[in-house]
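These are the structures, in structure tokens.
Heads up, the next two complexes both have subunit A, just with different partners, subunit B and then subunit C.
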Partner chain A sequence: MTRATDVGLAACATCELVVRTNGVGSCPRCGEPVRFRKRHATTRAWAFVSAAAILYIPANTLVMMRTEQFPQHREDTILSGIAYLWSEGAWSLAMLVFTASIVIPLVKLISLGVLLVTTGQHSAWHRQGRTMLYRVLEVAGHWSMLDVFVVALLTAVVQLGRFAKVEPGPAVLPFAGVVILTMLASSSFDPRAIWDRGDNE
Partner chain B sequence: MSEHEYSIPIVHPKRGRPSAVWIVPLIAIIAAGTLAVRSYLHTGPTIHITFNSADGIEGGKSEVRYKNVPVGRVTSVDLTPDRQHIVATVQLTRGGASLAVTDSRFWVERPRIGVGGVSGLGTLLSGAFIGVDVGSSTERESTFVGLEKPPGVTHDQRGTRYRLTTTDAGSLAPQSPVYVQRQSVGTILALDIAKDGKTVDMEIFVASPYDQLVTESTVFWNTSGLDVTLDASGLRVNTESLATVVAGGIEFGVRPTDPATPPAKENRRFHLFPDYRHAMAKPDEAGVALEMRFDEPIRGTAAGVNVEFEGVHIGEVLEIVPDYDETTRTFHFDARALVFPARLGPAYAKLVTEGTHRGLSGTEMLQLLVTRGLRAQIKSSNILTGSYYIDLAWFPRKGPTNVVAKQGVWVVPTEPGGSEKMEQHVESILAKVDRIPFEAIGGDISNATHAASSLLGHLDANVMPAMQGVLTRAEAAMGALRESLAALRDNVAAPDSAIQQTTRSTLEQLDRAAFSLRSLTDYLQRHPESLVRGRASGPEPK
Partner chain C sequence: MHELVICSYCDTVHERVALPVRGAARCVTCDRPLYHANADLGAMLAVTITATFAFVVANLFPLITLTTNGLQTEATLWRAIAASYVQDLPAVAVSLAVTLIVAPLFELGLLLWVLVPLCLHTRPLGFTWVMRLMHVLRPWRMIEVFLLGVVVAVVKLSGLASAVPGWGLFGVAVMTLALAAVASFDRGAMWRRADDISNLQPVEDVG
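Presenting the complex of A and B:
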């Protein structure tokens, strides 16, 4: 299949105007620089994914939230919080938090990793499926900040002096970092690269 | 290719310079590394503490606190494999890591109400926590056996530990206070029965700077409970404070007469006296065993009664052994006493000097005293309480008796007690009183009363009616009498009554008759012959 790149055509990333280009220059309609592919897409995506993967460890091992509910004092990591919710009988909530805070970031990291590796190898393996995976990533990625939102909200709302207090733990920033970095990674990844140099049918 | 042989350099496809975006993972690594290091620095070692019960301890919740500063958290509570105890696994913080040394002690802080006060009230709301007393050792340890009660003294309290030995610990227990001058300055740390089971060993702690007051000559005594003494001096009640009445306590001090001595060393062993009196008594030198044989009943005399000499308490009776003499077929009682003649002070010293000067042995010296009239006698010291003591008193008129020394025991001759004599007197008086036939006397009195009573009844029944008639008649008679008397007065006493007049004329005639009679007698005196011759003529005698 002939690619647009092969005939010197490219679409503006912003206004989607198709222009003839040699890979340098900007869109005559909106002024956005037009490239055949996102610049340094793979490198950037790799950098962001690896940073996110690194931060994923402290985000899950450190304390996410400190609750002071007189006379109890709790310190919860994401996992222990989920376990606490589960033991308290709030299964649906536990599942929700588990999905939003553990599964989605992990799936994003792994998926991005898979996409980057396969793209780097110019693999022809399940190109359509990989494209679909990317689309899902883009959509689901927005929902993985749940934990940070919960902590931020509780910290602001629950401040009853001695009796009840919620404080963010050191895991909040790495967690937010994981979410942001995975979003950056997925946005810097160029899905068109999936189809590059594939000499299929 | 063409005629223009340009040698145009070809750009390198791409220099190996890394993209600036790699700064992002670098930052992530640094951030994660920092967090990891911080987290690592914050976490200390994990230790295991064994307790009898997990009451109040919860995994993931209970804290470990040193001086009320959280230094760790119980992560889990499990049973020991033998199911006898529980093991609390504690994650210490980095700052609390230094707590895990061999001689650190852990206990569960719960609300406690004791005689000494209330403690751990805060744990009512916050829940129990594990308290820790950090040891001074530097050797690391990760397994501990928790205390069931907070230790009386923590390592950071400065002071000195001493050991006490006593035969009777009374109500003393660990945590009982130690007083000096009635101020609490320490506590009993531990209390243990000695291996032979006869004495009780105690470890006490005296806080600094009061440990300077514990000197080599310090005496300790028990101030537990109420010290109620009923003895020769009467009734005495001594208490330290209300707390010691219940919880017991120890006080220490020095005897006023003792010279100042340097402070005692740590773990110095002292004797714990049962009470203040015993503690303040001069320490006795070697005691002398005495035996006294009493032929009289030893009522009121038992082990522990005083032996006095000239009013000085010099010893105590150890035991009283009843004995039977086959030859005289009488009972007697051997009172074995331990006396401390040194309590006589200078007097004893002089006696000893005298004895040694004369080259007399102790027995001979006693023999000398007995020869001078020394005897043992049971005396009543307090009639109210009925207590007795044995008095070593002088009876100079008694002849010398030999002192027998058997098996190192000196037998002192005895004398029937004064009280015994008095009692005999009283008894004989009572016997006499007893012999008075109170019953018969009472019967007689009763009979007499009965007779009198019946007599009165008889009088009442028979005499009184007659008496009434008599009285009526007597009254009538009296009326008649009164009338007669009135008539009589009218007849006799009135100046113009006939009787008066007749009487008066009679009396006048009588007067005249008397006059005539007198002139006759006068005449007859002067002229007695007239009786014969008759009246001579002549002048009429005057």
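Presenting the complex of A and C:
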């Protein structure tokens, strides 16, 4: 295998034109700067992952949705909302929301941590598997936004005066924050770093 | 150097080869997708127009209609966004507006802006600028996640009152399928077509 960096080639990140470069300068076709690697990839990715990990706590402990259904009043966190769906017999839906809201954000945070640590050590451990993991993060990342959309829809539709009402809780903002920050973290990370060898190799 | 392709995941250099119809090339080192065979810009335009009509339907018609005790309410895309704003969550309203209205609107608008002239063999106005903007906005379009959100909301409401999915949901579903089809085309084809059009006139050697 020939690596582009070793032979002084790079693809423009915007238009994918392959150009001969020394790592500075811009793409002759679209004018964007052409670089061998994303800039400050590790630092930026760590910053976004840390911020997302902090927001993950309020996102899961605070109230996501308040439901008034006379004479009942419910306050649900993400997890208790899933448990409620489960107890109502909507198992497949409960599993779906559990995957999108709990599993994907947690797996994203852990995986990004693993990717950042292993690339920092120039590890040769399962390079192909780690590249696939990164690809999965890229594709699955935005599906966690599901619960934010559900709460927004229910708030809009359930406005039946004193009979029933749905309001978003304080967890909505940190929850959306976790999704956006993990998306920024994975787009900052440069997967080519997985294949870069250290000087000691 | 049109004949070369570099894998954006592992930096391996490949020579571009012709693919069978509907085929896709994968990287020899890391097995990630490299490029798609389908470079038919006319078909891409047709799918984009379908998605645009579906987007209009998704915006104009209710997603869910709820009836209980003689009271009836409707959830539209815009009301869902407005509701978050009214509930003192402007940041949430902004992220909903960006992911559900702004990003898909720009993606469709910019695709039409580029594809119509390219299919007529003229270079689109502001081509590189438009392509750059499209590249930046693409990850933030989440209409497909919203589709699942509407389904979850309908099921959650079924215990409360009679919740009926509306034509807006149909619009969102068609748009999701059409945008998935748009993504299965080789985006590089737009750049190559624009290059071919420009190369009809003799150009200076930049090398």
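The definition used in the following text is that the second predicted complex is superposed on the first by the 195 of 201 C-alpha atoms of A that agree within 3 Å, B and C clash if a C-alpha of one lies under 4 Å from a C-alpha of the other, contacts with A are read in each partner's own complex, and residues count from 1 in each chain.
As a working rule, a residue touches a chain if its C-beta (ideal position, glycine included) is under 8 Å from a C-beta of that chain, and two chains touch if they have at least 3 such contacts.
Just so it is clear, the structure is predicted and the values come from calculations on it, not from any experiment.
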| item | value |
| --- | --- |
| Greater residue coverage of subunit A in the superposed arrangement, subunit B or subunit C | C |
| Touched partner set for A:47, first subunit B, second subunit C, both or neither | first |
| Subunit B versus subunit C as contact partner of A:159, first or second or both or neither | second |
| First (subunit B), second (subunit C), both or neither touched by A:69 | second |
| Which superposed partner A:14 touches (first subunit B, second subunit C, both, neither) | second |
| Touching partner for A:181 - first (subunit B), second (subunit C), both, neither | first |
| Touched partner set for A:108, first subunit B, second subunit C, both or neither | neither |
| Residues of subunit A contacting subunit B in one complex and subunit C in the other | 173 |
| Footprint of subunit A on subunit C - complex, ascending | 1, 4-6, 8-13, 28-32, 63-64, 66, 68-69, 71, 73-76, 79-84, 87, 89, 91-92, 95-96, 99-100, 128, 131-132, 135, 139, 142, 145-146, 148-150, 152-153, 155-157, 159-161, 163, 188, 191, 195, 206 |
| Complex interface listing, subunit B residues touching subunit A | 19, 21-22, 24-29, 31-32, 35-36, 38-39, 60-61, 63, 125-127 |
| Subunit B partner contacts - residues on subunit A that touch it in the complex | 40, 43-44, 47-48, 50-52, 54-55, 57-58, 61-62, 70-74, 170, 173-174, 177, 181, 184 |
| Contacting residues of subunit A [partner subunit C, same complex] | 1-5, 7, 9-11, 13-20, 28-32, 69, 85, 88, 90, 93, 96-97, 100, 127-128, 131-132, 134-135, 142-143, 145-146, 148-150, 152-161, 163-164, 167-168, 172-173, 176, 180, 183, 187, 191-192, 194-195 |
